[in-house]
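Each structure below appears as structure tokens.
Two complexes come next, and they have one chain in common, chain A, joined by chain B in the first and chain C in the second.
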Partner chain A sequence: MRKHAERLLLAAVLALGLAWAGPQSAQATNRVTVTGEVIDTWCRVTAIMFAEGSAHYQCAVWCAIGGIPVSIMDEDENVYVILRVGEDDVSAANPTIARIQAHQVTVEGDLIERDGVNYLLVSRIADDQGIVNVTHEDVGIQPFGK
Partner chain B sequence: MRHLLPIILALVLAHAQPAQAAKELGIDGEQPSQFEARAVDVLCELTGDCPQDCGGGTRQMGLLTDDGVLILVAKSSTLFAGGVLDLVAWCNRRVEVDGLMIDAEITRFYMVQRLREPGTEKWTRARAFSRDWARANKQKNANRWFRKDPAIRALIEEFGPVGIPGAKIPVE
Partner chain C sequence: MSGWYRRLAVILVLALAAPASRAADTAGPLATLFGGPFELVDHHGRVVTDRDFRGRHMLVYFGYTGCPDLCPVDLANISLALDELGELAGRIQPLFITVDPARDDPQTLRDYLGALHPALLGLTGSERQVAEAARHYRVHRSRFRVEGHDADEYFVDHSTLACLMGPDGAFVTLLPHATPPERIAGILRRYLAAD
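And now, the complex of A and B:
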């Protein structure tokens, strides 16, 4: 009787384990150094509005606090979606990441490529030059103005 | 990697049903797309670092299709807001979504516009951010939330609307 109960318990534990929906294994990472502009991923990639540099800073902050992924775009237009900075794994609506919107940065971290997207686990911001892409003088504040 | 995008997109869309109601935005590379998938915490899916509740709204969320394709959800139906709060309610469960697949060549992601329990009729609009923001900020609604949000106002006050303290703002 006791053996039967133990088998039932074992089966239940196995079933729960199989039902657990976590990933099968962690993906391979590549160590990288990325230099580029911190971007509002949605607006920049869709080009739904002007979304470069200082002109779009305000909107980029809105989107970052709104939980839209923040990325880095390098000079070859590779997009790296930031999932972690150091030990901080908050990648949605993180005010610390929002603070560097539109900045020109160099970061070191681990790159994971999956299904057409580059995901970046930033271990260190090696350089932050602030906003160097000064676009507001030509196009004003985009969108909606001040 | 870029040359694989059309293949990946084709795999996903092969299982997608024609969308009846996804609102098109006229974005290059957009495709209305309605399909079932599992809502996942992207960082968990990629690294095995898996808090039980998918991060409770603090981590980017994705959709994992039956073919094992991971789709980043970047946008919801709330203006200037992502889909994290819509998807986290479905953490590690199957959900049917309707929205726009954006294959922009340089990257790809999804805009979720509606969600529902697979096999049921009733859709929920992807506006969890608006609901939660209004509740958290004790407002009747989230109209122009981006002009009122305390965290945003603090950043704009500190750095100015163009991110450069003291910068001259052109008259519009």
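And now, the complex of A and C:
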């Protein structure tokens, strides 16, 4: 009888493991604090142009409003795609985050890893130091020049 | 059948039934952010709802035929990914929901998408219907006109996240703008294999 019970338990564990393993199971949320520069994901990640700091601020705002996801890049160059700011229920390109493009910020929120992408649901912008990465004097306004 | 086998059978049935609902169960916060019901008109002029696509994955992308940059990139990538999937692509319904229903009627969508991929299905509708669908998928729309252009010569800013929904209509995953075709194909293949 006990042997049957052990088999039953083993079968249950295996069956549930098979059922729940898979791509979706990678989506756990973690409460995190992230510090870094708010970036234009497309221009920065593809390196299609110089897309850091003040030199790229204008383009980054346009891209955000135009539908390009906004991210935060931390000092280790990890990218966190922002999907929501606060309780916004309208869009993933919240004007709140578009306005602080290129700023150095610290945010608190939930991190969700999905298919190799870090998504961030920002609950609070804890610190906003403005644009500290002043690059336009060296490289001009990107991509349009002075 | 002994009690032992009966219990085992019950466990296996429950376990195998779990995947149908697990996308919603494990999708956590993202499942509550993306997806919802819609009623629109497809590019053949038929009224369709989200329920018409049950049993297949929906790959939902919002854009418009006049889009000069974002849509052509993403639709080309999605089309190449579908080609790479071969027969597996038949289990996915790629949907292109217009953010510009004033100009994108069924015929316009049919002409535009026909040049890209035969599986792409364009959806349009009234302004209210499109606004409702966009709200469920957190798609912002903002119309703007370049100085010197006529009133009907405008562009529409719009979100660019493609959403993969499961056969039960529940959220599965996101594909950010400009995800390369081979990566899209890999992600789709994994989720199709998991079902």
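Quick notes
In this text, the second predicted complex is superposed on the first by the 112 of 146 C-alpha atoms of A that agree within 3 Å, B and C clash if a C-alpha of one lies under 4 Å from a C-alpha of the other, contacts with A are read in each partner's own complex, and residues count from 1 in each chain.
The rule is simple: a contact is a pair of C-beta atoms (placed from the backbone, for glycine too) under 8 Å apart; a residue touches a chain by one contact, two chains touch by 3 or more.
Quantities reported herein were computed from a predicted structural model and do not represent experimental measurements.
Contacts of A:Arg31 after superposition on the shared chain: neither chain B nor chain C is touched. By the document's definition of touching, of the two partners only chain B reaches A:Gln101; chain C does not.
For chain A, the partner that touches more of its residues is B, with chain B and chain C as the two candidates.
Once the two complexes are overlaid on the shared chain, A:Leu83 sits against chain B and chain C alike. Using the contact criterion defined above for the overlaid structures, shared-chain residue A:Asn118 touches chain B, although it does not reach chain C.
Residue contacts after overlaying the shared chain place A:Val61 against chain B, while chain C stays out of touching range. In the superposition on chain A, A:Val134 makes contact with chain B only, not with chain C. Residues common to the contacts of chain A with chain B and with chain C across the two structures: 22-23, 25, 27, 41-42, 46, 65-69, 81, 83-84, 89-93, 112, 114-115, 117, 119, 121.
Contact residues of chain B toward chain A in the complex are 1-2, 4-5, 8-9, 25, 27-28, 30, 38, 40, 42-50, 55, 57-61, 69-72, 74-75, 78, 80-85, 92-93, 102-104, 106-109, 129, 146, 149, 151-152, 154-156, 159, 161-164, 167-170, 172. Contacts from chain A toward chain B in the complex involve residues 21-23, 25-27, 41-42, 45-48, 54-55, 57-59, 61-63, 65-69, 71, 77-79, 81, 83-84, 89-95, 98-99, 101-103, 112-119, 121, 130-131, 134, 136-137, 140-141, 145-146.
On the side of chain C, the complex with chain A involves touching residues 4, 7-8, 11-12, 14-16, 18-19, 22-23, 26-30, 33, 70, 135, 138-140, 142, 157-161, 172-174, 176-178, 187, 190-191, 194. By the touch criterion stated above, chain A contacts chain C in their complex at residues 4, 7-8, 11-12, 15-16, 18-20, 22-25, 27-29, 41-42, 46, 65-69, 81, 83-84, 89-93, 110, 112, 114-115, 117, 119, 121.
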